[in-house]
Amino acid sequence: MSALDFSTKIGSKRFSNPIFTASGCASSGQELSQFFPLSSLGAVVTKSIMTKPRTGRATPRMAETPSGMLNSIGLQGPGIDTFLEKDIPWLIEQQAKIIISIAGETVDEYGVLARRLRALSGISAVEVNISCPNVENRGQVFACHPDTAVAVIESVRRNIGGELPIIAKLSPDVTDIVEIAGAVINAGVDGLALINTLLGMVIDTNSMRPKLAGKTGGLSGPAIRPVAVRAIYQVHQAFPNTPIVGMGGVASGQDAFELILAGASAVSVGTATFGNPNAAMQIKEELSQLLTKNGLNDFRDAIGFAHRGI
Amino acid sequence: MSALDFSTKIGSKRFSNPIFTASGCASSGQELSQFFPLSSLGAVVTKSIMTKPRTGRATPRMAETPSGMLNSIGLQGPGIDTFLEKDIPWLIEQQAKIIISIAGETVDEYGVLARRLRALSGISAVEVNISCPNVENRGQVFACHPDTAVAVIESVRRNIGGELPIIAKLSPDVTDIVEIAGAVINAGVDGLALINTLLGMVIDTNSMRPKLAGKTGGLSGPAIRPVAVRAIYQVHQAFPNTPIVGMGGVASGQDAFELILAGASAVSVGTATFGNPNAAMQIKEELSQLLTKNGLNDFRDAIGFAHRGI
Amino acid sequence: MIPLKINKNATQINAEVISNKKVGPYHHMVFAVADMAAHSRPGNFVAISVGGSQSALILRRAFAIYRAIDKGPMGGSIELVVAPHGEGSKWLCARNIGEFVDLIGPLGTAFGIPTTNANTMLIGGGYGSAPLFALAELLKNRGCRVDMVLGASTANKIYAPLEGKRSVSSLTLTTDDGTAGIHGQISEAIPRLIREFGTEVIYSCGPMGMLSAIAKIADEFDLAHQCAVEEAMACGIGVCMTCVVPIKHEDGIKMVRTCIDGPVMDGSEIIWDRKTVLDAL
Amino acid sequence: MIPLKINKNATQINAEVISNKKVGPYHHMVFAVADMAAHSRPGNFVAISVGGSQSALILRRAFAIYRAIDKGPMGGSIELVVAPHGEGSKWLCARNIGEFVDLIGPLGTAFGIPTTNANTMLIGGGYGSAPLFALAELLKNRGCRVDMVLGASTANKIYAPLEGKRSVSSLTLTTDDGTAGIHGQISEAIPRLIREFGTEVIYSCGPMGMLSAIAKIADEFDLAHQCAVEEAMACGIGVCMTCVVPIKHEDGIKMVRTCIDGPVMDGSEIIWDRKTVLDAL
C-alpha cells in the first residue's frame, strides 16, 4: 500500500490536507488550539470579518433542531483592524494555513476589506461570504442574484490584486445555484465554497414566538448535508475545473468523503466542532483511512469521483 | 374549560380538524385504514395523479439521512382514469374528506386533469403540485418561476370551474418564495401548500456513486422543519388572508403547533407516517391538548399567532 | 368492488424483549407480542422503530419473522434473527431483556403452500434462512419433502439452529470461502441438488443477487419459485412507494410494492435484469 | 502579546458513570474523570454529549460542577446535579452505572475568592445551588463567613444535601409557594438578610431572572456580586458565539461569551435590561 498524497489545491495554493474549519465555527482559532495544533488542519477559515467592530444580534442566538441547529450571530466581530493586528499574527505563529473570510453590507465594504488584505503575507486565500444582507438593496442577500454576487467579486478582485486565490461562498437558498456559480466564476473567482446555511426558523411553543431574537437563523449540521451534496454535485458537474470547498453537516470521515465524491476539493467542518472540539482531527483521520481503503492514494483522484462511470 | 373548536377552512370548504395527510405519503388511503378511520383526518390529500399511468423511477428510490430521508418515486401512479374510478369512490365510502393532488409535465396536462375534476362530487379541494419538471422548458420545475407557476394555476382555474378551492403547492428551492406565492395568489388560488421537499443527494460511499437511481431526490422529515416554518412565516406575513396548508417534518403535536403559530391553517403529515402509521392521529390528539392548554379554544386564534405581539 | 384490506391484521404495539442471544454473528431475539403471533405466517415480517425517541434514524427497519409462537409462557411471541449491520440493527441488537420496542406486524405476504404433496427446496442466504424454518415445519406437516440449502460467505454466517433442522429431509450447506459444506456460491450447487431431490417447488430468501440467480435456474428447470425479496423500505405498510420491484406487465413494466405485494413474490414475474428495467423507463 | 490560552486544562474524555441517585426532582451523578478533577474550580462546568451515536441532538449540554474530588477511590471524580428537563438531560439522567459519556471539562471561569476575610452570601435558585457548596467550603477554609440562601418554586426543588451544609454559617430557604422556609421569591428576602449578616460579597447562581434581581440589590447595597449565568450554549468552548451576554462597554454594548468569559461574571457589568440591549443594537 503506497503512501497517501493528501494534499489539495485551490488556485495557486496548496494545502497539506483537505480538512478546513468552517467560517464562524472556529472563532479565531485560539479556542480550539487547546484540543489540537492548528497546523494539522488543511487551513483555518476565520470567521467572517467586516470593516468595523460588530456587536452582533441579541440572544437567543441559537436553537437546536433535529440533527441541526439555527444560528443568528449577526457577524459579531472585532473589525478588520483589530483582527489583522491580533488574530492573524497569532495564527501565523501557530503555523496555521489561513483563509480569511470577509463580509460586507455594501459592495464597497468588500472592496475596502480586500484592499486591506492586499499584499498581506502569511495568508493562503480569501473567502468572500456573499450571503450577507445588502443594505443598499432592501437587505437582499448578495449571493441570491448573479448581478449582486458578481459586483461583490469584481470589487474584491479589483482591490486585492496579486495572486491570492478568491473563493466565493454561495448560499443554497437560490433557485439555481449553478447560475450563481457560473456568474462568479466568470467574474474570476479561483474557487467556490458550498454551502452556507439555509434560512430557517424555530417557534418556541411555550412563548408562541420565534425562538431567536433575530427571528430567522441559518440552519446547519447533518440535517442539511443532502442539500450540500446536491449543490456540490450540480456545480462540479457544470464547472469541473473550479475547486470547491465543500461544507454542510460533515461530522465524520464518511461524510467528508461523500462531499469529495460529489466534487469538493476540500471540506470545511462547522457545526460538528460544537458537538466535538476534536471533530476536524477525527474526520481527517477517518477520511485518510477511507481513501486508503478505496485505493485512492492520490486524494485528487477522489474529487468528483461520483460523476465518473465505474 | 370550554370545548375546542378544531375546525378550519380553506376557501369555501370547512374541515373538522386541521390534520391532513401529505400528498404521496398516504398512497390512496387504504393502506392506513387498517390503523385508523380515514374520516378522523381533517382531509386525505391523495398522491399526485397524472393523466396517464406512470411506472415511476428505478430503485433505489430512497435514502435515509440524518432526521430525514430522500425520495425519488417519479410520481408512480395509475393515471387519472383508474384513480377516479377506483380510489375516489372508495375514499368517499370511507367518509373521508378528499383533497386531490394533481401533477403534470406540461401546462396543458394540468388543464386536462382539472377538467376531469370539474363537477366531481365528494371532493373538497384540488392541490396543484407544481414542483414537477416542465418537459417543455428544459425540465425546469414549474414552481421555480412565477410565470410558469402562474401559467399552471391559470390553466387549472380555467378548466376546473365551480367553487372547488385550488391550493398551489410550492417548492422551497427558490430564491424568493414570497414572490412565487404572491404570483399564484394573484392568479386566483384559494390556498397554498408549503413546503414540498428540498432537492438533495446522498452518495453511497461504498459504491462511490449517487445512492438513488434518480441521483437527486426530495428531502423530507424533521430535518427540514425549520425551513418549512420559515417559509410559512414569511408567506403568512406577506399574505395573512391566504390559508396555508403547512407541512415539512411534522412528527408531533408540538411540531404541528409550530407550523400553525407560523401561519398554517392546516398541517399535513408526511414522512412521520412512515415511522409511525398512527402519526396523524397522535399529532391530532397532542395538538388538541396543546391548544386547550394554551387557552386557544378556537383553533383559528392559533393560526399565525407568532406574528402578533404578546 | 371492495378491495381486500391492505395490512389486514397488522397492529402497532410496544413489544417487550424477552430474550436476546448472540448466535454466531447474529442475534436471536424474542419479543412478547400477544395476539400478533397468532396472525403471523412464514414469510411475513415486522417493522421496528430504532434508536429511541431522540434518534436521527426516522425510519423503521424490517425483519423477517423467524418463528411465531401463539401461546407460549409469555403469551404470543415472535422471534427474529438480526444481523448487527448498520446503526439501526446494532441498536436493536443492543436491547436488553425487559426493554420495549415499537413494533408493527405482521406485514407483507406469506409463502404459498402447495395444495398437493410436493418436493420442495428451501434456499436461504445468510440471515435469509430465518423465515425458512417455520416454512419447513409447515410444509412437512402438509406432507411435503423439504430439502434445505443454506449458503453464506463463510461458515459462521450460516444461520441454522438445531431445532430448526427438525423438519427438513436434507440440509446442504455452501460457503463462498469453503469453510463449511460445498465450496462456492449457493446458486452453483442448486442445479445438481434439484436433479438429486426431484425438486418441484423452490422457496428462496436472501440477497437480491442470489434470488436472481435462483430465478434463472427455476426458469430453466421450469419450477415454481417463491422468493422473499429484500428492498429498502421506508414505511413497510405500502404508503411510500420506495420498496418496489419491477414485474412483467402487459404494457411493459409495473412497479409493485414489496411490503404489501411482497416480500414473498413469484420469482418468475420479477424482472431481474437491471438494464432491461432502466431501458424500459 | 501572547494571550492567555483559552480552555486551558480542558480535556475531552469518556467518563464512566460511577453513581446516579435520584434526589428529589434531581439526579446526583458522579463521573470518573481522572485528572480533570484536579483542575476543576467552583464555578467551572462540563459539557456532555447526549443521546448516543445516532442522536438527533447534536449539541452538548452544560452542567455546573457540583463537586470535584481529586483523589477518591476511583481516582478523580466530578459530581453533577442534573434536572431531567428536556430530552438531553433526561437521557443523561437515564444513564446507568458503568456506562460512559463523552465529557469535556473543566470549562469556563471560576468564582473569585476574596483576598481578605469577608462576609459572603451565596444565593442559589433551583439546581443553581449545585456549584455553591464547593464554593462555600473554599470560602470557609479561607476564613470567610458564609451565609447561604437557597430558593425554588417549591420545597422539593431546593437542592441542599446534608454534607453540603457543613461549611455554611447559616442556611435560609425560600419557596415561591411557601412549602418551605420563607414564602416568596428569593430576591424579596435578600435585602433583609444582607443587613442581618453584614454581607460584603454576593455569589449567585440560578435562573437569569433571579440573577438580575440580585444584581439590582447588590448595586443598591454597593456590594461585589459574582454570578454564574446560564445562557443557551451550542459549543461550550468559545467557538460559536451563541452564548453571549451584553456587558457595559465604552462604546455601548459588548457581547461576551459566557462559556469562556463566564459562566462566573461580575454582576455589575452585565446589562440586565433587555430593552436597553435591543435599543442599542
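As written, the chain order gives the labels A, B, C and D, with residue 1 at the start of each chain.
To be clear about the criterion, a contact is a pair of C-beta atoms (placed from the backbone, for glycine too) under 8 Å apart; a residue touches a chain by one contact, two chains touch by 3 or more.
Here the structure is a predicted model, which is why all the values come from computation and not from measurement.
By the document's definition of touch, common neighbours of chain A and chain B comprise C, D. In whole angstrom, the spacing between the mean C-alpha positions of chain B and chain D is 47. Averaged Cα coordinates give chain B a centre that lies 35 Å from the centre of chain C.
Put simply, the C-alpha centre of chain C and that of chain D have 55 angstrom between them. For chain A, residues that reach two or more other chains under the stated contact definition are 66-68, 221-222. Among the residues of chain C, those in touch with two or more other chains are 56-57.
Interchain contacts join each chain to each other chain, per the touch definition above. By the touch rule above, chain B contacts chain D in their complex via residues 66-67, 222. Against chain B, the residues of chain D that register as touching in their complex are 56.
Taken in their complex, chain A has these residues touching chain B: 63, 65-68, 70, 144-145, 173-176, 198-203, 205, 207-210, 215-217, 219, 221-227, 229-230, 233, 249, 254, 257-258, 261-262, 290, 294, 305-306, 310.
Partner chain C is touched in their complex by these residues of chain B: 24-27, 30-35, 47, 53, 55-62, 64, 66-69, 71, 73, 76, 86, 90, 213, 221-222, 251, 271-278.
On chain C, the positions that touch chain B within their shared complex are 1-3, 5-8, 10, 12, 49, 56-60, 102, 104, 231-232, 234-246, 251-255, 260, 274, 277-278, 280-281.
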